[in-house]
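Here the chain labels run A, B and C in written order, and each chain numbers its own residues starting at 1.
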Amino acid sequence: MRRKYSWLVLALYLVFTLAPIYWMVHMSLRNNLAITSTFAWLPESLSFANYATIFTDPAWYDGYLNSIIYVVLNTILSVAVALPAAYAFSRYSFLGDKHLFFWLLTNRMTPPAVFLLPFFQLYTAIGLMDTHLAVALAHMVFNVPLAVWILEGFMSAVPREIDETAYIDGYSFPRFFVKLFLPLIKAGIGVTAFFCFMFSWVELLLARTLTSVDAKPIAATMTRTVSAAGMDWGTLAAAGVLTIVPGALVIYFVRHYIAKGFAMGRV
Amino acid sequence: MSSARPVNQRAWWFVLPVLISVAFSALVPLMTIVNYSVQDILGPDQAVFVGMEWYREILRDPDLHGALLRQLIFTTAVLAIEIPLGIVLALGIPERGWRASLALVLLAMPLLIPWNVVGTIWQIFARGDIGLLGYVLTQFGIDYNYSQHPTDAWVTVLVMDVWHWTPLVALLSYAALRAIPEPFYQAARIDGASRWAVFRHIELPKMRGVLTIALLLRLMDSFMIYTEPFVLTGGGPGTATTFLSQYLTQKAVGQFDLGPAAAFSLVYFLIILLLCFVLYNFMKDPQ
Amino acid sequence: MARIDLEDVGHRYGSADDAWALRPLTMTWNDGGAYALLGPSGCGKTTLLNIISGLIAPTRGKVLFDGRDVTALPPEARNIAQVFQFPVVYDTMTVFDNLAFPLRNRGWSTAKLRQRVEEVADILELRADLGRRARALSADQKQKISLGRGLVRPDVAAVLFDEPLTVIDPHLKWLLRRKLKQIHQQLKLSLLYVTHDQTEALTFADQVVVMSQGEIVQIGTPEQLFETPAHRFVGHFIGSPGMNFLPCEWREGAATIAGVRVETSSRQTPPPGAALSIGVRPEYLELSSTPGPNAVPARVAAIRDQGIQTMVQLEVGTSLAWAKLRDGAAALPSAAAFARLPPARCAVYADERRVP
């Protein structure tokens, strides 16, 4: 069956995906001189010096934590705000709905750099500079439209008859939404949560601009690795390896939501 | 689903939180940019209104034409490869089990690496002397050097992007596939449908919404691409891999000129907007 | 048209330590019969249906169609059609193409299949919609399309329904049920209809198979299930509200409730040591203010006037019973009353089973 070929293609692709990541791990276990001078299939000696640099530097550790905080905050806010809106777009027709839907996405059609100065002024004015909340809110500009679009897609795949049947059976709207509807779009919520997490996690410019000390994210430290001695390849690679971990955990956690898909109820 | 959606103006309440969180942050910058784009800012508090001057200048700039052309080719290649590949990958991921978990986690990894690190890693990875990819290629006798040969640079940037972003398409497609209720497959079996027919008549139509998102996302993100290619090739050799956003940054940073930079930002935005609008309407349900 | 035999068919999901989802059973479904599989969630009816259709291979046992062992055959080789809980249509195709799909997959020529599709569309009253996009139709029309794709194959032997009216508007359910009955009479196919709604089952089927917790509890006509439920579960499940069960004792060769001897339709003696009760439907329980044969003392606990009928809740000893009266409130006695059990309409139940 075609499934077998697809699995083969997938397996080959996974090898392709792993290659640069293997190289990144490989680099993280060597020193800069070795990285830039000689080729070796395996690192000559497994040196965790780069990781030691990271773990002993409080700026790295704090940055990691700060990033996780505002990213999680952003994911929760974005999904929470997007759910009702996506439902409205999916189920109802209202004045300006089609235009609004498309306009939402236009907020993603420009590099975040464009928002730098206005955001800087805005958050300074309302006293939210250098807080996790500021970055979480700022990232909503590109994550909320994404969340609304993805969730709307999944919601529209659920037949409207299910809503109507629930009302006839006496469900109030909140109860219907939470107990009946949300479980049906698990896959959508799972994938939305992951993407919000991911896009917020890798966004460095806004995160760096809106923070200074208290909420300084990994962004600052990730871009700090060029010194007088040149690029600090090894440490950057080690940091790169470490940035994969939270996101990998997130997708591992939501994989059940994504894989469960559509469950029509049990009889 | 019975035809049209019921009209319900109260639905605006559902949308309000989204509006507040997005609109305010979006409108102010937009106004600022429009404002700057029609002025010549000679210094603080010294601005002269110049109307459409900057727009005319930019649209005539041959560097812009070059960058735009390169960008269009790049984005087209990206879409042509990543969308079908992502779908094929999604079809190959099992519905459950450890293999599915493994595939999902591995596929997610490229997406999670900060973009400057992506470029940095590929810098070494693709080097003929010290990188895995480059080394293997030169061992096969291929004369490969991405910092000197424009074609090699192009291919490297393209492959890097495919490596980086195809998982987005794959993950979205996978979630969409999992959302298809089992009875559809069961009914298709009973109807005697071939595997291709199942894909064409059940899976692909049900993936339409999600594919639209994937398509639009890759369209705009690849059109705005900056960090990865800049770190990898610096736009070179020469201007071979200088795409649109790098052109913008060079103009803005190099010339410290807010006016033209703002004008170009707007033009840039409108180009992406136009392309997305066209694609969106093309993908939409013919109701 | 097929006779379906199940020989010692049982199924469990998971390992040998898990419970049976469907306990091993042996039964025959007659050719051309209209059967309902009735039971609550999780009773195994959908499992049974899927085993018959071939979507599930049973953990043990054999499935035979007209004597042919089809246990190893997939659904597409079994000449069955299945209609699911929600409409399954090919959105991108027209109604015509939907109905034609199974025939195209078999290589039928367009001319030949056109005639067949139009025939089936006529039966289902979909002729006018043949050119429309399937997606644009309402839920009940889509279910008809689902059904149509099954009917369109001339060799289809049985049509299996898995709660097909779940997402249909209530006022359209009745129409669709009537259409299914028409089709049954017209085409003489075997129909198996799974539902948890007793009204659907009782109005649709010639024979109802009541299931509970993985096993078949009773098979019978709707009247049989109503009048002589073989199992307490059937008594509870069928009827609205279900049967009353009043605990009783066996003394001097007869059942007694609160010392009053009650004649029932049960002729045999119940096994000793069993928990005994008398089952009587609310429809048959009579109220009077005077004692008499088969009349047990009762106290009126509540009265609910429901228009065409009045529901009276009675306390008989320590148990509660419902009586459904048609006569109206005027005929109600005062608080202290007697509940009369018509001998022909009640029976003794020992543990769960009816004493014949």
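Simple rule for what comes next: a contact is a pair of C-beta atoms (placed from the backbone, for glycine too) under 8 Å apart; a residue touches a chain by one contact, two chains touch by 3 or more.
For clarity, every value in this text was computed on a predicted model and none was experimentally measured.
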{"item": "Touch-based graph of the chains, sorted into line, ring, star, complete or other", "value": "complete"}
{"item": "Innermost chain, taking as reference the mean of every protein Cα atom displayed", "value": "A"}
{"item": "Chain A-chain B separation of Cα centroids, rounded to whole Å", "value": "15"}
{"item": "Chain A and chain C: spacing of chain centres that average the CA atoms, whole Å", "value": "50"}
{"item": "Computed distance of Cα centres, chain C from chain B, in Å", "value": "55"}
{"item": "Touching two or more other chains - residues of chain B", "value": "1-2, 181, 183, 206"}
{"item": "Sites on chain C at which at least two other chains make contact", "value": "85-86, 139"}
{"item": "Residue list for chain A, restricted to those that touch at least two other chains", "value": "159, 161, 264"}
{"item": "Chain C to chain B touching residues, read off their complex", "value": "53, 55, 74-76, 80-82, 84-86, 88, 90-93, 101-102, 105-106, 135-139, 146, 149-150"}
{"item": "Residues of chain B defined as touching chain C within the complex", "value": "1-3, 181, 183-184, 186-187, 189-194, 197, 201-202, 205-206"}
{"item": "Of all residues in chain B, those that touch chain A in their complex", "value": "1-2, 4-9, 11-12, 14-15, 17-19, 21-22, 25-26, 28-29, 32-33, 85, 88-89, 91-96, 99-101, 103-117, 120-122, 124-125, 129-133, 135, 163, 166-168, 171-172, 174-183, 195-196, 206, 209-210, 212-213, 216-217, 220, 224, 226, 245, 265, 268-269, 272-273, 276-277, 280"}
{"item": "Interface residues, chain A side, partner chain C - complex", "value": "159, 161-162, 164-165, 168, 264-267"}
{"item": "Contact footprint of chain A on chain C as seen in their complex", "value": "41-42, 45-46, 85-87, 139, 163, 166-170, 194, 196"}
